[in-house]
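Same chain, two partners: subunit A is paired with subunit B first, then with subunit C.
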Partner chain A sequence: MDSMHDLGGMHGFGRIVPEPHEPVFHAPWEGRMFALTSAVPFAVPYGDDQFRPAIERMEPSHYLKSSYYEKWYEAVVRLLQERHVISAAELDSSVPLAQSHALAVRADAVLPAIFAGASQARPAAEVSRRFSSGDRVRTRATMGVGHNRLPRYARAKLGVVESVHGPFLVADRNSVGDHNPETLYTVRFTARELWGQTAVEGDSLSLDLWDSYLEHST
Partner chain B sequence: MDGIHDMGGMHGFGRIDPSDDGIVFHGAWEGRMFALSRVVRFNLPFGGDHVRREIERLRPAHYLASGYYEKWLEGNVAMLKEIGVVTEDELAGGSLQALPPKLGNPRAMPALQAELVIFNGMASARRDGTNVRYGTGDRVRTLAHGIGGHTRLPRYARGKAGTILAVRGAFPVADAVAAGRPEVEMLYTVEFGARDLWADAEPGDSVTLDLWDRHLQSLT
Partner chain C sequence: MPHDHDHDAEESGVALRVKALERVLVAKGLVDPAALDVFVEAYQTKIGPRNGAKVVARAWSDPAYRARLLASATAAIGELGFSGLQGEHMVVVENTPETHNLVTCTLCSCYPWPVLGLPPVWYKSPAYRSRSVREPRKVLEEFGVVLPAGKKVRVWDSNADLRYMVLPERPSETAGWSEEQLAAIVTRDGMIGTALV
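What follows is the complex of A and B.
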């Protein structure tokens, strides 16, 4: 989905000013939002590939005005509403109208799961591996309307395969419930290939991209 | 400049609702803004390309939250400030504080001319001879990258192959004019297969863009 989140290479957003001594959380509610986002999927299963598209579907001007954890909040609420765990009326009134069927999570199960993470690697899967390190590749020129991990600035660009990571779930398909993995590669692009001659010579940028995002280039 | 205005092909903005077609101005001030934008630059050194450049520089969230004529106001005010006709203080206070510097002919625009400009616009075609590199039917590829400044080659049409549909003649290049260089080049209408621009487009659909010589490379 080429929506507001796909900002790479866009102009007019001003200089990035790094915050000195930036805290992990700017307010207690941010830490709470982080924990909630990690805990809710125990009861209502979702992963990053459902969570990210939920952020990408935010109304664009709302997206631009929202901070990092505000976007997390929006995504979690959207997912819970879409799965009928909470309703708009309940959110407005803060009063639960019906008993949720979601399972409660045991507190002692949450922390180990957060630290364990959820790997998208599927090392045992047998998938095609069309490219090797050093191969010249060109990325796809167009993507569909769904979630994908090939940003607009890297479409139809020439790059070199830097490493081969083996089979991984494909974010595009995983987001809609298709769990067929593909080989994942790290592909390196020169900054000049992406941004033109005004980019600094020698700079490069690497992206992790799946097999179906790439074609051979001679 | 690949700013927030360059929305072609972006998702997530919702369906376009054309149902209010026929309403030219949604408030009296919009009509006034339209007329003002046509006459305000009489004898002042800026044009539509400069106003577009300034609109593109609006902060993205502000851009998205602004109506069409609100953007016109922002673009024109930015140019009037840049050339020194108004100051920030005057805008905030609502009254003239100092006479602006002399800019060309200080004569006011005659009402009749204002009316002509408002209703007919101003032609920007030039007669100067310029290099005609392409003819109708020629295959061309657009530049892969934008430039830092204003450009009329949108992101979704970069590095794409198309066909020359018409040769329009010599026109001032918007990209150059906005950067303060009055350069003239041939303008072409270029047709692109919609599928070449967007994977999910209807087969057989096409998109045409008016592009200048500098936006194009020969594909033959």
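What follows is the complex of A and C.
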């Protein structure tokens, strides 16, 4: 999806403004939204690869005007409404709420789940591995309307495979329920390949790219 | 009477909408408020950049650990008890006299939670996401990082499953320091690459 979230290389956003002594959450609602987003997938199965496209589908001006956890609110509500788990009427607090079976993650299960993580590696899968370290590759030029992880600034660019990481679920396909993994590679590009001759010679950038994002280049 | 004070953040629209969302999800049995408390507390008190600082201090003190960290970061970080969400596949990249590393996520906010906690607002901002890949040297200058002539910049845009942490160069004046003393000088920004240590 070539939407507002794909910000790499855009001009006009101005200076970066670090905040001294920044708190983890700037208000209690941010912590609650972080926790809700983290807890809901235990009861309503969706993962990062559904959550992120739900953010990316925000209308671009709304995306830019929203704070980080406002985007999380928008995405969680969208995912739950699309799955008919909640309705807009229910979010109006005047409507009485029916009780249903408790599916919630228990408090004592939270820390073990955090420390266990949720790897998308599928090391036992037998997948094609078309490239090896040192291979010269060209990235795809277009990616279609679905979720993907190839930023626009790195499309149709020449790079070199630097390392091979084995099979991982492909975010694009996982977002629509296809759990076939592909080999993931770290690909390194020169800054000049990405940004032209004004970039400093010797500077470089790396991305992690799946097998189907790449073609051999001579 | 005129309303001349700032609205309390908890009275603002989004705070109320989040409260309503929590109420609906609790009523449906989909979340437990006590579990939400654990998530918030974990990232406020247990999981943050002091973890990463301990990793760096160990790597500066123990050459065998440093080698393991650079070769198999997830396992080496796990040796110190740090693991989990958004750190399942860690890569540690080392700053050297020849190369300075800078970590970013242009598409969203990917960040190594087990060692650095949740990312600061600036890391998630359109300004950092747009500029870090295209003009990393200007970004570094704004952060006060002046690189010696000839040092190369390498940017890591964490767009997929790997999460990156920078191993800063050890300051020369720290010879003989304990791990605790070393950890105390390691900053979050030093492990993102927007600061030197």
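Note that the second predicted complex is superposed on the first by the 207 of 218 C-alpha atoms of A that agree within 3 Å, B and C clash if a C-alpha of one lies under 4 Å from a C-alpha of the other, contacts with A are read in each partner's own complex, and residues count from 1 in each chain.
Keep in mind that, in the parts below, a residue touches a chain if its C-beta (ideal position, glycine included) is under 8 Å from a C-beta of that chain, and two chains touch if they have at least 3 such contacts.
In this text, all values refer to a predicted model and were calculated from it rather than measured experimentally.
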Query raised in the report: When the two structures are laid over each other on subunit A, do subunit B and subunit C clash or fit?
Result: fit
Query raised in the report: Of subunit B and subunit C, which one contacts the greater number of residues in subunit A?
Result: C
Requested in this report: Based on the superposed arrangement, let me know which partner A:T186 touches: subunit B (first), subunit C (second), both, or neither?
Outcome: second
Requested in this report: Have a look at where A:V145 lands relative to subunit B and subunit C in the superposition and call it first, second, both or neither.
Outcome: first
Query raised in the report: Which of the two partners, first being subunit B and second being subunit C, lies in contact with A:S61: first, second, both, or neither?
Result: first
Query raised in the report: Regarding the shared-chain residue A:L97, is it in contact with subunit B (first), subunit C (second), both, or neither?
Result: second
Report task. Have a look at where A:E70 lands relative to subunit B and subunit C in the superposition and call it first, second, both or neither. Result -> second
Query raised in the report: Once the two structures are placed together by chain A, how many degrees is the angle at subunit A between subunit B and subunit C, based on Cα centres and rounded to a multiple of 10?
Result: 100
Query raised in the report: Once the shared chain is lined up, is A:A156 touching subunit B (first), subunit C (second), both, or neither of them?
Result: first
Report task. Please indicate which partner A:W195 is in contact with in the superposed arrangement: first for subunit B, second for subunit C, both, or neither. Result -> both
Query raised in the report: Which partner does A:A27 contact after superposing on A: first (subunit B), second (subunit C), both, neither?
Result: second
Requested in this report: Would you sort A:L209 into first (subunit B), second (subunit C), both or neither based on which partner it touches?
Outcome: second
Query raised in the report: Closest pair of CA atoms, one in subunit B and one in subunit C, after superposing: how far apart in Å?
Result: 10
Query raised in the report: Taking the contacts subunit A makes with subunit B in one complex and with subunit C in the other, which residues are shared?
Result: 6, 9-14, 64, 195
Query - subunit A-facing residues of subunit B, complex - result: 1-4, 6, 9-14, 56-61, 64-65, 144-148, 155, 159, 196-200
Query raised in the report: Which residues of subunit A touch subunit B in their complex?
Result: 1-4, 6, 9-14, 56-61, 64-65, 141-145, 152, 156, 195-198
**Report entry** subunit C contact footprint on subunit A (complex, rising order)
**Finding:** 5-19, 22, 24-29, 31-36, 38-40, 43-44, 52, 55, 64, 67-70, 73, 76-77, 85-86, 90-93, 97-107, 109-111, 113-121, 149-151, 153-154, 165, 168, 171, 184, 186, 191, 194-195, 200, 202-210
Report task. Provide the residue numbers of subunit C that touch subunit A in the complex, in ascending order. Result -> 9-10, 14-15, 17-32, 34-40, 42-44, 47-48, 83-89, 106-109, 117-118, 120-122, 124-131, 133-134, 136-137, 139, 142-143, 152-162, 189
